[in-house]
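In what follows, subunit A forms one complex with subunit B and a second complex with subunit C.
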Partner chain A sequence: MSETWMIAGAWLSAGLTIAIFSFLYKDNPFFKIAEHLYLGAGMGWLFQVSVFSVWGPKIWTPVSHGDWLVIIPSLMGISLLTQFIPKLSWISRYGFTFIMGYGSGLAIPATLSTDFMSQILGTVQPLSLMASMSPFAIFNALLVAFGVICVLFYFFFSVEHKGHFQKVSNIGIYFLMVYFGAAFGNTVMARFSLLYGRFDSLYASSSARNFYATQIILAGMVIYFVLHSFFGKKGPAEGEAAH
Partner chain B sequence: MLKENLQKFFKIDRRWIFLLLAVCIFVPIMKPLGLPNKTIAPETKRVYDYIEKLPPGSFVLFSLDYDPSTRPELHPMATAIVKHAFRKNLRVGVVTYIPGATGMIEEIFETVGKEYNKTDGKDYVIFPYMPNIVAAMTQMASDIYGMYPMDRNGRDTRTMPVLDGIKNYKNVSFVVCITGTAILDYWVAYVGDKYSVPVAGGVTAISQPGYGPYLQTGQLKGLLGGMKGAAEYESLIQSPGKGTSGIDALNLGHLLVLALILTSNIIILIVKFL
Partner chain C sequence: MIKNKAICTLVLSIFTAGAVFAAKPVPAAKKTPPPASVAAISGFTAADMPYDVGGAALLRWPVNPADTPDTVYTVYTSTLASGGWVKADEFAASANIGKDVDMPFWAWDGSAGEHALKVELNSFFGEVPPEASYHFRISSSEKGKLAAESLPVEMTTKGNWFRLDRLNNLVLLVVIIIVFFWAVSHAKRKGLFIRRIAGLDAIEEAIGRATEMGKPIFYLTGTQPMSTISTIASTLILGEVAKKVAQYDSYIKIPHYDPIVMTVCKEVVKQSYMEAGRPDSYREDHNFFVSQDQFSYAASVDGMLEREKPAAVFFMGYFSAEALLLAEVGATNGAIQIAGTDAEGQLPFFFTACDYTLIGEELYAAGAYLSGEPMLKSALKVQDFGKLVVMLSVFFGIIAVAIGAKMHWDSLVHVILNMFKAY
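Then we have the complex of A and B:
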């Protein structure tokens, strides 16, 4: 890629990042432009993926090499589009029937084995191996089994949660809260990582090699907000702070 | 009077917090603080140990399924594990089920491949993007070439030295899936459990807690979580990269959040007893 294109890319990347982040201050036209551009570019990207990475190698190339069998699944796929024509929508059932049958056949055994049987085994099996386990591993195995039972109790609604049942179910809530806390902490870390990624990119665009793209765009944005606060009309949406 | 002043803290314009956070994240990028990353999670170490124990020439299949939206977390870990595989002289195959990943995969192999003098087709192969994940995974169980007769540049895969002796999952020593989606679940369910192929993963920090059950049962051999996982792996292979440099920013960001939580709780307590 030539140097000019790299610099243009840095300006575009910095401009769009700052435009999107500017919403944190308040709604503005730059944010709207970036938002619409993102949606349009996303749709365009998906369209070209469908044409060049799916339709081309999976349908066009085999058919042009005489493999006519691919026309059958292609027709079934096209049949889904008849949903939009009420008189012909019954044809789409053939496509959906295949998808349902194929999907269920693949997913049900795999889910039962991976997420159900293996998980039950993983919870119960350590209890039978306690003789060879360290004290911490025994405590861990008991805690996992106890937690599973308590949480399952919380989701068991056929018995009224009263007395001892309520106590067990309440302990289940604490286990769930620990999980949600861990998940929230990780979510915060993930969001900070993404923010770091964008800031790192902005820092790269701020170099002299990129003609100080970040600083110039940021300064332009600040000038816009200052001028807008003095001369702009305060509409209901424009004046609203980011929430 | 003090009570009213303290209560003003809860009415602070949140844009000040955004600004404070921006400063906390941006400053370490401009001037790295070099805060250490001293803890290595056992699940990260397990991925490292598994690769470390593989004999040279073993075939490792990477499923790199992330797009630019999760790049800061997942790209450094993918780069680090590929580096480790090349350092161990393992043969590497790459598949992807996310079209947005293709550019980043090229970027990894262009830089890391050059660094370790690895040749496309001889030491590694990058397969093209494939739609319909589950169909591709299940067909590869019988014949990889049925699914991928050509690499991403249209070259015949059957004649590639890197795939010499590789026909299906029986010949694959290890699968590493790095993703911000549920594709790792598919690898566990449709490949790991079904064909007894060892599977490890690298996921975003958000998804990490959800994979605990798979780790406990051994369905996942190891797991890298978020940018911290990437930093840990970079420490293990002693090759600091973007994961390590992000730790400063993450630490400062977390300290800010902790400070805000503590301050607000202390203020609430003071207000309550005033």
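Then we have the complex of A and C:
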């Protein structure tokens, strides 16, 4: 790739990143441009994925090799499009019915296995090594079992949570909150990692080799916002807020 | 002509040799029985692995009392009766005993007096065609020296229709179906009690507020397809929300991530407007498609929330990383936000950014709670039954397993763990 294209890429990357980040200040034309570009690019990407990864290898290639059975699921898929023609929209029900039936058939056994059996086995199994477990490991296994029962009770809808039931349910909430706290911290760390990635990209675009793309775009946007705040028309919401 | 044939033969020979070497060959099996100096392993059998799709073989042979800790068994497989042998496994004589096979007691009678080994054929030969034949032989060695060898045996793969090893899952499913029909019958005759769910009482308040302020209501169904339970629950809640919106003559906007979910939701909303007696107020653009790309969907909906400043936003369904991106913008704009999701990782973000949050199972219960439909209430009762089964199983299971493990009652522990075996 030529140097010119690399520099153009850096300007585009920095410009779109800063345009999206500008939403943190307020809605603005730069964000709108980036938003619509992102939307269009995303759909364009998905369209080509559908053509080259689904339609091509899963329909066109098998049919061209004489595998005519592929036409049956293809027709069911196409039947969904009849939703756009009111007179023919009843045909789409066959496709939808198949999707719902297939989805349920796939989900129910898997849910039974993962939500019931795995949960019970995962809670009970650690104690099968009780003879060789340390006191702390036994306490840990019992605590997990106690937590499972209390949390499940919180989600029990058939009885009113009053008296002793309320206490068990409340303990369940505490267990949930401990989990949510840990999940929150974990996810925030992951998000910071993404943020660092963008900052790293902006830093790379700010070099002299890229003609200070980050600094120039950032400065340009700041100037726009300053000028707009002085000379721009006040929107109805801003006008109301000023009163 | 002869020259061409000779070249062809030579090329074919090279390819054949290449294929054989690529398969990590071992010395070809002898066509004749093992020499007298090497003992024969008797009782070696190979058969199709029961209760599978037909892609594995089950090898069995008696444990040799003369085996020492240094004895190592090597298993070879081939598609040919002789030659082309590929090493399938190698293990110490103390491993792969009959009782080590990972199958429950009602489907497998493993003995400590025999070796049993499952060989996944697709690991060595790629996709296994139906009813294909494979050959196996084993050898044992002591400190690298060949001690005994079996004759090659043949087996044919076979797909099974019934997974007997999953019988416990089937029994549970049948019990749940029976309980469901009982619950439906009971709900229709006497009604079923469901405890109050706090977040759902706020729905009417949120819709009322939006009506007073003359602002739209946004309802997001998540980013999963129609087949997921959370999306199905979301469409049920949408039906009740849309009914109230129609009654209050407010306006609802439902930006969609999945076109199939959008089509279902269109029917749901239309039905709700009809049930509310306001079919004239229904508009086709209540539901609209945005994008099936996660973050461009989030960016676009964020833009809508910022520009239209809705009075109420509902997040019902499965959400991923876009959860906070969406909920934060709604909160910044002062909307009443009610969320419900079974995505555990995203719940903390909804807690921080929304006024009310339905946690996991509460989302599934919401549809039944709001509609009061006997069928949905029955489904909720069945879920409660399932939770009761889990609670009791865990409670009695840990007691039984702990006692069994402490008293060294291995059979009891084995039976209990097998009963809850998942796949």
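Following the convention adopted for this analysis, the second predicted complex is superposed on the first by the 234 of 243 C-alpha atoms of A that agree within 3 Å, B and C clash if a C-alpha of one lies under 4 Å from a C-alpha of the other, contacts with A are read in each partner's own complex, and residues count from 1 in each chain.
Simple rule for what comes next: a residue touches a chain if its C-beta (ideal position, glycine included) is under 8 Å from a C-beta of that chain, and two chains touch if they have at least 3 such contacts.
Every value quoted in this text rests on a predicted model; they were computed, and no experiment measured them.
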Which partner does A:T187 contact after superposing on A: first (subunit B), second (subunit C), both, neither?
-> both
Where does A:L195 make contact in the superposed view: on subunit B (first), on subunit C (second), on both, or on neither?
-> first
Would you sort A:A145 into first (subunit B), second (subunit C), both or neither based on which partner it touches?
-> second
With the two complexes superposed on chain A, say which partner A:I99 touches: subunit B (first), subunit C (second), both, or neither.
-> second
Touched partner set for A:Y38, first subunit B, second subunit C, both or neither | second
Regarding the shared-chain residue A:L227, is it in contact with subunit B (first), subunit C (second), both, or neither?
-> neither
Would you sort A:Y179 into first (subunit B), second (subunit C), both or neither based on which partner it touches?
-> both
Taking the superposition as given, does A:S128 touch the first partner, subunit B, the second, subunit C, both, or neither?
-> second
Report for A:S118: first if it touches subunit B alone, second if subunit C alone, otherwise both or neither.
-> both
When both complexes are superposed, which of subunit B and subunit C contacts more residues belonging to subunit A?
-> C
Using the superposition described at the top, list the residues of subunit A that contact subunit B and also contact subunit C.
-> 45, 106, 111, 113-115, 118-119, 121, 179, 183, 186-187
In the complex of these two chains, what residues of subunit C are touching subunit A?
-> 168-169, 172-173, 176, 192-197, 225-229, 259-260, 263-264, 290-293, 295-297, 299-300, 302-303, 306-307, 309, 321, 344-349, 351-352, 359-362, 365, 369, 380-381, 383-384, 386-391, 393-395, 397-398, 401-402, 404-406, 408, 413, 416-417, 420-423
Which subunit A residues qualify as touching subunit C in the complex?
-> 20, 23, 26-27, 31-32, 34-35, 38-39, 41-43, 45-46, 80, 83, 92, 96, 99-100, 102-104, 106-109, 111-121, 123-125, 127-131, 141-142, 145, 148-149, 152-153, 155-161, 176, 179-181, 183-184, 186-187, 191, 237
Provide the residue numbers of subunit A that touch subunit B in the complex, in ascending order.
-> 24-25, 45, 49, 53-54, 57-58, 106, 110-111, 113-115, 118-119, 121-122, 144, 179, 182-183, 186-190, 192-200, 203, 241-243
Subunit A partner, complex, touching residues on subunit B are 13-15, 18, 21-22, 25-26, 29-30, 69-73, 99-100, 128-129, 131, 134, 138, 188-190, 193-194, 204-206, 208-210, 213, 216-219, 225-228, 242, 246, 249-250, 253-254, 257
